[in-house]
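After this come two complexes, each holding chain A, first together with chain B and then together with chain C.
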Partner chain A sequence: MNTPKKRNFKIEAFKHRVEVDPKYAEKTWKVLEHAIHEIYNHNASGLSFEELYRNAYNMVLHKFGDKLYSGLIATMTLHLKEISKSIEAAQGGLFLEELNRKWGEHNKALQMIRDILMYMDRTYVSNNNKTPVHELGLSLWREHIIHSENIRSRLLNMLLEQIYRERTGEVIDRGLMRNITKMLSDLGPSVYQEDFEKPFLEVSASFYSGESQQFIECCSCGEYLKKAERWLNEEMERVTHYLDPKSEPKITSVVEREMIANHMQRLVHMENSGLVDMLVNDRYEDLGRMYSLFRRVPDGLSTIRDVMTSHLREKGKQLVTDPERLRDPVDFVQHLLDEKDKYDKIIGSSFNNDKTFLNALTSSFEYFINLNGRAPEFISLYVDDKFRRGLRGVSEEDVEAVLDKVMTLFRYLQEKDVFEKYYKQHLAKRLLYGKTVSDDAERSLIVKLKTECGYQFTSKLEGMFTDLKTSQDTMQGFSAGQGPEAAGEGPAIVVQVLTTGSWPMQPSAACNLPAELLPVCERFRAYYLGTHTGRRLSWQTNMGTADLRVAFARNQRHELNVSTHQMCILMLFNSADRLGYREIEQATEIPAADLRRCLQSLACVKGKNVLRKEPMSKDVGDDDAFFVNDAFASKYYKVKIGTVAAQKDSEPEKQETRQRVEEDRKPQIEAAIVRIMKSRRVLDHNNVVAEVTRQLQSRFLPNPVVIKKRIESLIEREFLERDKADRKLYRYLA
Partner chain B sequence: MEEDTVKLISAEGFEFVIDKKAAMVSQTIRNMFTSPGNFSETRLGEVTFPEISTPILEKICQYFYWHLQFASGKESEFHIEPEITLELMMAANYLHT
Partner chain C sequence: MPRTSRRTGSAAVNSPAASDIFRSATNRAISKELERIDVLFHSYSDSSSGVIGPEGIESLCSDVGVEHTDIRMLMLAWKLRAERQGYFTLEEWRGGLKALRSDSIGKLKKALTELEKEVRSPENFSDFYSYAFRYCLTEDKQRSIDIESTCELLDLILGPIYRPQIGKLTEFLKGQSDYKVINMDQWMGFLRFCKEINFPSVDNYDPALAWPLILDNFVEWMQQQQHGR
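Up next, the complex of A and B:
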């Protein structure tokens, strides 16, 4: 193939062969200059756009762009100087208006000039890196008007004065202000910022600093916050009306700093109206305002939170350590719940349900509830009270609500195992005496405990319920087997068979049951052991109740509801009129403490004193004698003889429970240590302690000293050994 | 003269009355009619082009309409006779079309 020869084509620029009149440029420019003058003098209507455009076009085309451009600058400058003079001459308030009017005119003229010189803008300006006509017009305006000595400071002062007047309540021409600030922004962001915004912010800062000083001296915290909020809104409104939107965060931050951040501590701690006062008096609106204002400044919320926390802790501490309160556990817990409700409501309605506040609330409660070692017991007592009385006739939802509240308190407890211990005791009493209002509610709480603490925590509690259910079935089987003839005579018994271990039973010596009861008891034992092999039954006579029909002298008949022990005592009086304390003790073999209590409740409680005691005194002595009180009278047929039962644990009982809890913890701690060491094999002391604490904290907070003792015990029993080189290291021995 | 038409006058005095919308295809003509200061063109609704001859102006007017059609999606060729090309291009530069 033949490659064609390369040929260089050259395209030559088209040459105007028009001979240019040397005076052409001068003449054309005169036309344009005249036109610009006319435009500034509002006389443009006589001009022909086409002609001007054509002249400018030709000038640029014939390389007179320079002349055109510099001529334009000179002409415009001339006019701007005149304008500047007329603005300077404006008096007082007319200054801004004149400036605004001239600015409008200049803008219009500038647009016309730009239109007729469009061809220059398109070609000459872009080819020679000049400023386009419009921008040129703006920068000349900036140079000759805004930055002219006589105008610059006057403009700024006028603007600031207008704003000051508006802040102090006067009405100003917002449209005018808007135009002027718009002009400053149009001249470039730096002009707006340097010539207006910066001084504006400074003046605002000193204005608000002064205002805040003045108000903080004479206003309450709530009023001050209201003012601050109003000012903040006013400033934001100002921005939307006549300032650049970018100024909003700047001016609001000035207000925030001057009004709030600088006075934060003082506001919060203000006497009789500060945060604490608001909390105490439930001033939700003020609290909400404080929250929304303080949220705007750094450290604002943490300031509120800290004050709230310390107040809450202080108050809670008073609450849980006040000896007056400790007298009534139900009241004590109710107070805690009320306090919790109060703060839940405050946080919910005023603090936007802020997570960090909720956490602070939780940690405060955890802190002070655990200050009182009896809190677990009291909470259990509160539940006990609710289940016995409080929840009667209450709708299901309300029951749930109460239980949920109890659960929140429960979560705050460190010593959950102590709670469990008490709860078990109280539950056992409720179940055995049939005192519980609603089985469903009981079960519901157990389910809650289970979800909170796991299966292990509630297995025994659930076992208690199962026992009762099986007992019911057993009793049905038993009475069916008895036949109708047996049921008619003699005492009837209801036996609840309880699994040892599930129930908080102290192994107590069984008392001697009255002879009338023994046959039926024997029959039951025979029946039960006949249906279940390999079991042992023992009677827990300290737990039961009995209904007795009694005929007093004067034909008074009553049915007495008493405890098993009391029943044993009363039955003795079937065969005797007078019994000494020692005789009773001998016949029944009831433990002394219980016996005294029983006798006390039978003889010393006014209105329920079915026995008479000699001598008449409050306490039961060893040598006292007892008689049936023939003068007993009651307007009811059924009389319930309460036991002088210890509602709250007495001091020695408390010690005992405490000790039992400590005992129970030992195997748990050991188990945890072994679990950890089995998987880790080798671990140092501190880590063991930390791990054990972590594993057990859902139940209680183990004491490091106790953990150390358990470790030592395990070493003794050769579960662990100390490392020979490093004594701090433990080694698991399998 | 009606509102939405304009009159373009050539160097020889021929008058072309076309839709304002079509004339606005030229940036220059657009400015003539929209610039704020009451120029004579805006008032009279007519423009005289002393440097554009009749055939060229005619071609330009044809181009305006063709451009509108093209912009609305109807593609066709716009024929230009070679002998008027140079003059036409100069006019286009002037009219910023």
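Up next, the complex of A and C:
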């Protein structure tokens, strides 16, 4: 703790008494003050920068900084007060110009003064925490000019008036405006904001509020949006020309709020021109404008989306429930596809392919397509029509395009298994009657279905194709094995051997085939069973077709293409001229419903009535009698006799299909439940239902009640039990 | 048969006196008692089949002084753990009557009153309730009971306790056509429903829970009726 004694060395300053004139400070200041006056009076050319700098330097050095600084303030204030008077005196429009000019001069003067007083700025100002000269000049300007009573409000009003005039179409001096706003920002962001921007935004808000009110009363939605867009662009342009860039988001948000957000609902719902009208009339440009404007405001896009969705759902619902439409399934599906195309295009070209809009589109379609329980059937019928006729002569790419569209509709379906059922039926008919336009297209769709739903979904469909291919080979083998004597005599047959289970038809009782056919049928049976052991053949006479050569009276020869049943009926007339309905029924043993249809198509269709019926009427009665129509005439040699049949499923058939579908679902649901419970062991009811739904939704949407029933059935069969304590839980019983 | 394992020995059995001094005397008393129980059995049993058959039960009923459809007979069957409706085997008889400490008709008569209390106790009731259902499954592999019998059984067992519920439930069951028979799961559901659900408001019924569907339908029917009013 002992500090050694220190010897203080001190270098004495050179003792040289400097004479300081007591009046020195006063005199030097006078010089500088004079110089400042001169600068403000534009007489700076006569001043010596070097001398003035030295004077100021000396003053600071001799501790007269205070005097210098306060003198500067006083002098500048004096000048600014004069300036303020001259600005105030400026009349009308000259006011801004005068202000601008004076501002320019003040800046120049400030520059020079700062240069002279540079030393003070560096030492005195920073040591004493004073405001540097330049900033001081600005703040004095702010205080004495901008915030002076007579100028402040006048300035603001002038600026706002200029902008108002520009908004109403007049041309204003944008350069001047830019200088003034630049001045305000130079004086500090708060000055720009408080003295200009804030009132500017308020005035703009009320301007646009008024304008929007006025326009919305008299304009259509489209026109209004055009105006809004133009205004928005104008404001943005204004910012780039003469406002601070930071103002852009603020002013655009004012326009957005006043022009769009406040009127959004009204615009969207505007009668005869709102969103719905635009959608209906495909007004892509207006829609695009609405999208780009609305996306700027909160909830804007969701407003559009909601209205679009509800319109789409409403329209879709009408479409799928309109009984008129249900008459023509092809037309029905075509309408759906057109609707889909239309909205795809709108979203693509006007809504920027917005994901959320596409999702809304999908969910809307899913919603209304499934409102109609027959949609799966209709889509299959549409495909059927395309494959039978529609795709003839269409290029491969176009075929693919059609199929892809069908697939999108298919994806919307909840009951994909119902579609599968119908598709199988329709495909079977196409294949068996050789009605399909293109095998490649058929296969292509099956590949698509396979990709979408997995192997299981299409395996039977593929099995059908395989059967036909095998049948061709079998027939080749069969006819090769026949002696030439057999080939020449009697009728020829083509047999398609179908695997039971792959094809959707129910086994039905065969009708009595004409005696002429029996030998060849027998030969085929013998051949087939000879080549394959352990198989059973049964004839599906309700499925085939036949070509008959017929000679009518007056030597009219025709080849008739008829169904197997019709062939059986016609062959009866080889040995009889007149046959009653009952006789025919007895001889052929064709089921009554089919028989009536066959007879109807043979006797009641104009131009194809190869039979004549007594009495002449549309329907076939039990006591009707039939004759060969000798007067039959047709300009074609080959005549195809169709079968009178509703192409759509008839009512009982429909219910039967429905029931089959329901039955098929039961084991699938049970399998899913067991699968889930096996892995989870214990699970609560809601989760079981959710999980089952999730697992099955690629095929159909199981009804929770049905799931519950299946669970109960599984409980009864002791695959599951209820938890003793927690009633929500099921337990898996191994 | 349902897999639910049967609970055994839920009845309270008085343990024999532990003291050595009394053991032999007690043993003698017990064998006497067993003898009398056997005698009682043979007085009702059919000599050819060696079990108490329907006729035997009927005469037992008249001796004890209850109708054969009386719930107390069902309770006795439960106590005996009788397997087959309308029949008591010697084994069942011995076990049951021993537990009831009855070796004469007079004692049995008294015991039946006690038995009713025992059955109504919460720990035994649900066992008894499920037993009643199984007891009615007379056919081999039979799993369910027709609606008519179900209603009678409900009325018999739950009727005295849950009169309003059972009234509505049987009305519903007889009126609907979706179900022709009732299985064990649904049967157990009815008891749980009566125990847990406010009635007639059914406001604490949550169809999202794992209730059997038939009860969902019942509640829906109830609500429709209430709204209809």
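Here is the rule we use: the second predicted complex is superposed on the first by the 707 of 734 C-alpha atoms of A that agree within 3 Å, B and C clash if a C-alpha of one lies under 4 Å from a C-alpha of the other, contacts with A are read in each partner's own complex, and residues count from 1 in each chain.
The working rule: a contact is a pair of C-beta atoms (placed from the backbone, for glycine too) under 8 Å apart; a residue touches a chain by one contact, two chains touch by 3 or more.
These numbers were taken from a predicted model, which means no experiment stands behind them.
Q: Put the two structures on top of each other at chain A: do chain B and chain C fit, or clash?
A: fit
Q: By the touch definition at the top of the document, which applies to A:44: first (chain B), second (chain C), both, or neither?
A: first
Q: By the touch definition at the top of the document, which applies to A:74: first (chain B), second (chain C), both, or neither?
A: neither
Q: Quick check for you: in the superposed arrangement, does A:108 touch first (chain B), second (chain C), both or neither?
A: In the superposition, A:108 contacts chain B only.
Q: Report for A:708: first if it touches chain B alone, second if chain C alone, otherwise both or neither.
A: A:708 contacts chain C only, not chain B.
Q: Would you check which partner chain A:401 touches, where first means chain B only, second means chain C only, and both and neither mean what they say?
A: Neither chain B nor chain C is touched by A:401.
Q: Under the stated touch criterion, which partner chain does A:118 make contact with: chain B (first), chain C (second), both, or neither?
A: Touch status of A:118: first partner only.
Q: Under the stated touch criterion, which partner chain does A:682 make contact with: chain B (first), chain C (second), both, or neither?
A: The answer is neither, since A:682 touches no partner chain.
Q: Quick one: is A:371 in contact with chain B, with chain C, with both, or with neither? Answer first, second, both or neither.
A: Once the two structures are laid over each other on A, A:371 reaches no partner at all.
Q: Quick one: smallest Cα-Cα gap between chain B and chain C in the superposed arrangement, Å?
A: In the combined three-chain model, chain B comes within 84 Å of chain C at the C-alpha level.
Q: Considering only the contact definition stated at the top, list the common interface residues of chain A for chain B and chain C.
A: In chain A, nothing is touched by chain B and also by chain C.
Q: In the complex of these two chains, what residues of chain A are touching chain B?
A: Listed in rising order, the residues of chain A that touch chain B are 14, 39, 42, 44-50, 53-54, 57, 108-109, 111-112, 115-116, 118-119, 122.
Q: So in the complex, which bits of chain A are touching chain C?
A: Answer in residue numbers: 684-686, 705, 708-709, 711-712, 715-716, 718, 721-722, 727-730, 733.
Q: Note which residues of chain C are touching chain A in the complex, please.
A: Listed in rising order, the residues of chain C that touch chain A are 2-4, 143, 183-186, 188, 192, 208-213, 216.
Q: Along chain B, where are the residues that touch chain A in the complex?
A: 27-28, 31-32, 35-43, 47-51, 86, 94, 96
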